[in-house]
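The structure under discussion is supplied below as structure tokens; questions concerning it will follow.
In this document, chain identifiers A, B, C, D and E correspond to the written order of the chains, with residue numbering beginning at 1 in each.
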Amino acid sequence: MVLSTQSLCKKFGSLEVARDISINLPAGARYALIGPNGAGKTTFINLVTGQLKPDSGRILLDGQDITRTGTADRVRKGLTRTFQINRLFPELTPLESVTLAVCEREGVSANFWRGLSAHRDAIEEGFAILSRLGLADVATRPTRQLAYGQQRLVEIALALATKPKVLLLDEPAAGVPKDESAMLFKVVANLPEDIAVLFIEHDMEIVFSFATQVIVLVGGAVLLQAGPDEVKEDPRVREVYLGSAHV
Amino acid sequence: MSETLLELKDVRSGYHEAVVLDRISVSIAAGGSLAVLGRNGVGKTTFLLTIMGIVRPMRGTITFKGTEVSRLTPDRRALLGIGWVPQEREVFKSLSVEENLTVAARPGRWDLDAIYALFPRLKERRRNMGDQLSGGEQQMLAIARTLMTNPSLLLLDEPLEGLAPIIVEELTAAIRRMAQDEGLTLVLVEQHADVALKLTDRAIILERGLVAHEAPSADLLADRKTLDRYVGLKLDAPAANAG
Amino acid sequence: MINNIVIVLFDGFAFGMLLFVLSVGLTVTLGLMNFINLAHGAFGMVGGYVTVMLMRQYGVPFLLTLPLAFLGAALVSVVLERIFFRRLYRSGELNQVLFTIGLVFVAAAGATYFFGTGQQPIVLPSWLRGSVELFGIRFGVYRMFLIAVSLAITAVLFFTLERTRFGAKIRASVDNQKVAQALGLNVERIFAITFALGSGLAGLGGALAVEIVGLDPSFGFHFLVYVLIVVSVGGLGSIAGSFLGAALLGIGDVAGKYLVPELGSFLIYLLLVAILLVKPTGLLGKR
Amino acid sequence: QETVKVGLILPYSGPFADAAKQLEAGVTLYIQKHGDEVAGKKIELIRKDTGGPNADVARRLAQELVVRDQVDILAGFALTPEAVGVAEIATEAKKLTVLMNAATSSIIDLSPYMVRTSVTIPQVNYALGKWAVEEAGVKQAYTLVSDYGPGHDAESSFAKGFTEAGGTILGADRTPVANPDFSAYVQRVKDSNPEAVYIFVPGGAQPAAIGKALADRGLSPPDTKIFAQGELTHPEALESMGETARGVITTFHYTLERDDPLNKEFVDGYHAANNGRSPDLFSIGGYDGMHLIYEALKKTNGDASGDALIEAAKGMSWDSPRGPMSIDPETRDVVQTVYIREVQEVDGKLQNVVIHEIPEVKDPLHGAAK
Amino acid sequence: MTHNQTSAIVESPARWIRSRNRWTIFEILFWIATLAPLYFFPAYLNLASQVAITALFALSVDLVLGYAGIITLGHAMFFGLGAFTAGILSSRYGWGEPISGLLLGGMVAALAGYVTSFLIVRVQHLALIMVTLGLGLLTFELANSLRWLTGGTDGLTGISTWKIFGYFRFDLWGYTSYAYSLAVLFLGFLICRLVVSSSFGLALRGIRENVQRMPAIGSDYKWHLRKVYTISAAIAGIAGALLTQTTNTVTLEVLSFQRSADVVVMLILGGTGRLYGAIIGAVIFLVAKDQLAGINPQYWFLWIGILLMAVVLFMPKGILGGLSRLIRRED
């Protein structure tokens, strides 16, 4: 398993947002995490990546305990996420933003005695990532000025630039038009085989055509983990989440 | 359908020198509903911002309920009955859920009880601060907050984004009810063109800053070719399982 | 011994309340509105001069000058707000810093021109002067008066700003002007009223402080550091926090000076740094 | 007609603006009275603002005055650091430099072209310390001074005079320079229950504040004697302290109410020229500084070179509104009468009444060093 | 965005980035112009040195404020440490060699910067401003109480700076002072320019734009902040030492809140986050002050106040921001 969690628990006051969550992601996983609004999906990602501290439980990356490791260290170990609500660098251009992420990964960002343009590889790699996501045209405009959908893509580009082993995507396609979200998922699908992907998504067409396994989270606890078809048919999932639309 | 509620005549708008929308002339009858479609970044949000007054038109006029509103500030337009749900939710972080709902509330059909009946989730979370909500909860709150001002024209910018399918179902039902039974006028920007078209009676498609196509929603829904061309609706199954 | 403890606590609390009246206006403009108003002291100075001039030139009783000091400062701020400040709400904290510092310069020059560079003493009515003896301890009368006024201000503000919809409207407008306006809130008016309230309180604080700290054209700069300390220690936007912070700083400062006088000039800064490192958002602040 | 240019370096802006203003008023009053011509030369003032105790700024201004404006004399200096900054320039450019206020004793040694027409802190406070024991019969005292150079000087010179005469210092505390609240220190004084308390705070708002704090604690004359340097009972402070100031004893080189025709003329002229404002120590320093410049120029017949002027200034003596004063030819420092004053009611108004005079006092530190 | 710009990026994004960092003709002219006082305004050389020193100090603040987003109201702490180090070295130990004095001043300030940076990175927003302010004031009070070392409020006396390279004497006109200050300013500027155009500079801007995002791209941003704070402290310390050496005086004022606040005002006035803003701000502020105070020493700050307000109203990105907008509009 590349990533596994063991009985993660977390409470906000009296609200239990994570109840004994144990999940395993093998290399090459393309898993979806679904569940009603407020079920605790984002919280789970926050716990795994270190934005939040679990009350109890353990997190293992490549068999190594990272429960107490800082967020940045987890990213450098290959555990990266995107945010449901954009967290970008508004005045930087996408090219600069992504180059920054590449530089951080390569460990050259602390280097203050050489001009940025000396890190040619980093810049070209950053640009390549943007191109793959269709952002080449806007690569040199301030991120703030991009349309929402384009900003969503920059969010993904930043994550890809860290060369993750495990990629956690929090509603990556929200606000992205259909054709572009298809492209986005194609990019994700074409990531190297050994990268494990867990994505949160409320668009069932995407979930069922892209995920090999679906984890359903309800009220902070795992209700079910199964293949898409099984999940689709499960009456409990339908009742609390899918509704009648996907019958 | 009755008299015109909102009319845009030859509107041009954008940011500083950058023109995003041009020669926009659209009118919506009271009780009518309009879907605004178009690719990423064509200016759908800008269209709503212009109606709301957050972006000032560089040219042209906007009339609402027979009065020209082009020069009015957003709050004056809001008091005349325009309500807007922003795309990025933008709930007030330092207000609790309930304060978010009541801070700008105006009397009418929608009050706390009605809102809590539509979104029970919000009732459970009503003491949470705005930044202690899940993404979907924020989306619900953003919609509910605007409903609490009891607008007669509702501008929705991708309101279904990030909501669980079962909520989408309830919300679309509610929107349909509002439009049909209560005469609420609606402008809907939505990525899911099919959903949007099912909810509205007319649609415009924006392309390169212009209205490229205008048609009754039902017709457009059947016209897959036009949709493909302007909106890129086709969702060719991603090569996911291959990966 | 017990007497000494009581009197040091009392004096400390009273000193804290002096800091509180000086800074409570800033808790409104900086704390609630997020407006870096370094001209706060200048509004305090307006209040101070209003009181001094009314008492000296027209023989107006001290108590009556207090509301007029509030009004005077509020009025000046409304005019400035309409012309200048409203343009600055959105333009970033650095511009606010620069502009309000510029304003303090101008205010100091104006005060020098009209009132001269000298100290402006006031003579309090006799019932506010001296001290009274209770249980063998002498309490300064003016200090007791300050404490009473501060408690009243705190109560009034707490209920109007933290317990009414007006408070929520201010917070909403500050959080997100664009959306607040689009929901029909008259953001401009809300800001103008709030700003006037903050400046009025500054004026009132200035008027109350003259007796203890004096008044001259450099007043605007003088207590800037102190008021910033109180607001940040109390926590942005919290009236109760400011009250608590001021009390704590006052008592800490006076008790510290009493026990370790060598540390006298370090104490308030040590307290500041220590509190903020432990609680970066201040005692009761959320942001 | 030839001019003699005098560069006036003062903290015109910032917290010490009032000092600059008062000092300059003394200077201009003198010029007004005696005309702007002396020894056939026209006196021209060039004013420069240091903004506060900034040695580096004062130094640059002096440099500019010398190279750009080509002044002949440097003057002013309300604050010690201003004088410190200028010393090297004075020496290098050989310009007479008149310290019209800066009161730290040692700075006069920094340049052979410096001369002082104000006062030194040890001068008045050492005398007070001695007097307190010898004449007032006080045996023990507590000192409370501002925690900065002048305060430290005041503390040590008072204590020196006091202990040399046989008194004991019970305790010594130092208050922060910008201290708005004295209650803690005053309580400490009260705890040790001394016969007398000695105070030194800078002018401005603090004198009234500390005066009231003492009175609030019941520390007031005659039960507890209060000694201080003259700033404590300046007119505005007296007004603000009211009754509580009665009986406070201060030491100073200048007394506003001193009964003397020269002084009366000076004070009246000053009132007339300054909207009724009274002169203070800064004003008299500026006034006498100008007098020294005029007299020196007369002696040299208009030769404005630093060497000539400083020679002329050494040993000069005259009657000032403050009383008789002279310049010590060796140290170039001021020698003058020190007045011990008590706050008393005269014609229904509280004012500083001279109760003792000590003539021809030199700066004790310079005396001691020899 | 024009079309051929887009294609230039596609061809070589690295070259495009490099082109944005090239020396422009404006810059070269600017530095040539800094030599003007030596030839045309010799009577203003002492002012010019003080401007150069302040500009260097403002540059150091721009690094932390303009690039890393750390608003500081306590940077005089480092300036003052540098100034006192150089001063004490000369007045207490009799060592007046300028270059080594500068370096030592810079090192002492850098050490202090490194130590305090651990506190700085723990706080943000107002708390950050207040912690810098508190530390600055504490240093001031400490210097005041160590009178035996610092001379207290009276300042240090007996400082004398030797000839530079044993050859150039500090003259009354200020030729040497200015040439020396200008040279150090230029070196400091080169260092700052390198820092901000490096990948480290990009990381700093990332921190300023969105600190919260930094850990999520694997950045140990606190280490970046500590580093830039230390670099900035070193430069501020050098500026302070320079002031001591060119004036042979040090007073407590070098550590004062006023100095910290003034430098921030100058920086914002000139425009933050663009290096030249720091220099232009110092020039405008100090020259205006000198000229206005020359006209009327008592009311000059009225005009300075009006200047500050006017700049905010008409050039919200500082003078340099306003100028560059004008220039861009013209071509």
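Here is the rule we use: a residue touches a chain if its C-beta (ideal position, glycine included) is under 8 Å from a C-beta of that chain, and two chains touch if they have at least 3 such contacts.
Computed from a predicted model, the values in this text were never measured in an experiment.
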item: Intersection of contact partners for chain D and chain E; value: C
item: Required steps from chain C to chain E (each step between touching chains, minimum); value: 1
item: Per Cα centroids, the chain farthest from chain E; value: B
item: Chain centre separation (chain B, chain D; CA means) in Å; value: 75
item: Distance from the mean Cα position of chain E to that of chain B, given in whole angstrom; value: 50
item: Rounded Å distance between chain C and chain D, as computed from the means of their C-alpha atoms; value: 35
item: Between chain C and chain B, distance of the C-alpha-averaged centres to the nearest whole Å; value: 44
item: Residue list for chain A, restricted to those that touch at least two other chains; value: none
item: Multi-partner residues of chain C (at least 2 other chains); value: 112, 262, 265, 287
item: Set of all touching chain pairs, with the criterion as stated earlier; value: A-B, A-E, B-C, C-D, C-E, D-E
item: In the complex, chain E residues that touch chain A; value: 1, 5-6, 9-10, 12-18, 21, 194-195, 197-203, 205-206, 209-210, 212-221, 223-224, 227, 231
item: Parts of chain D lying in touch with chain C, wherever the complex brings them together; value: 14-15, 17-18, 21, 147, 173-181, 183-185, 187-188, 191, 204-206, 208-209, 212, 215-218, 236-237, 239-240, 242, 244, 275, 277
item: Touching residues on chain C, where the partner in the complex is chain D; value: 4, 7-8, 11-12, 14-15, 18, 112, 116-123, 129-131, 138, 140, 143, 211-218, 221-223, 226, 253-258, 261-262, 264-265
item: Chain C to chain E touching residues, read off their complex; value: 30, 84, 87-88, 91-95, 97-99, 101-110, 112-113, 225, 228-229, 231-232, 236, 262, 265-266, 269-270, 272-273, 276-277, 280-282, 287
item: Sites on chain B touched by chain C in the complex; value: 52-54, 73-75, 78-79, 83-84, 86, 90, 92-95, 99-100, 102-104, 106, 129-130, 145-146, 149
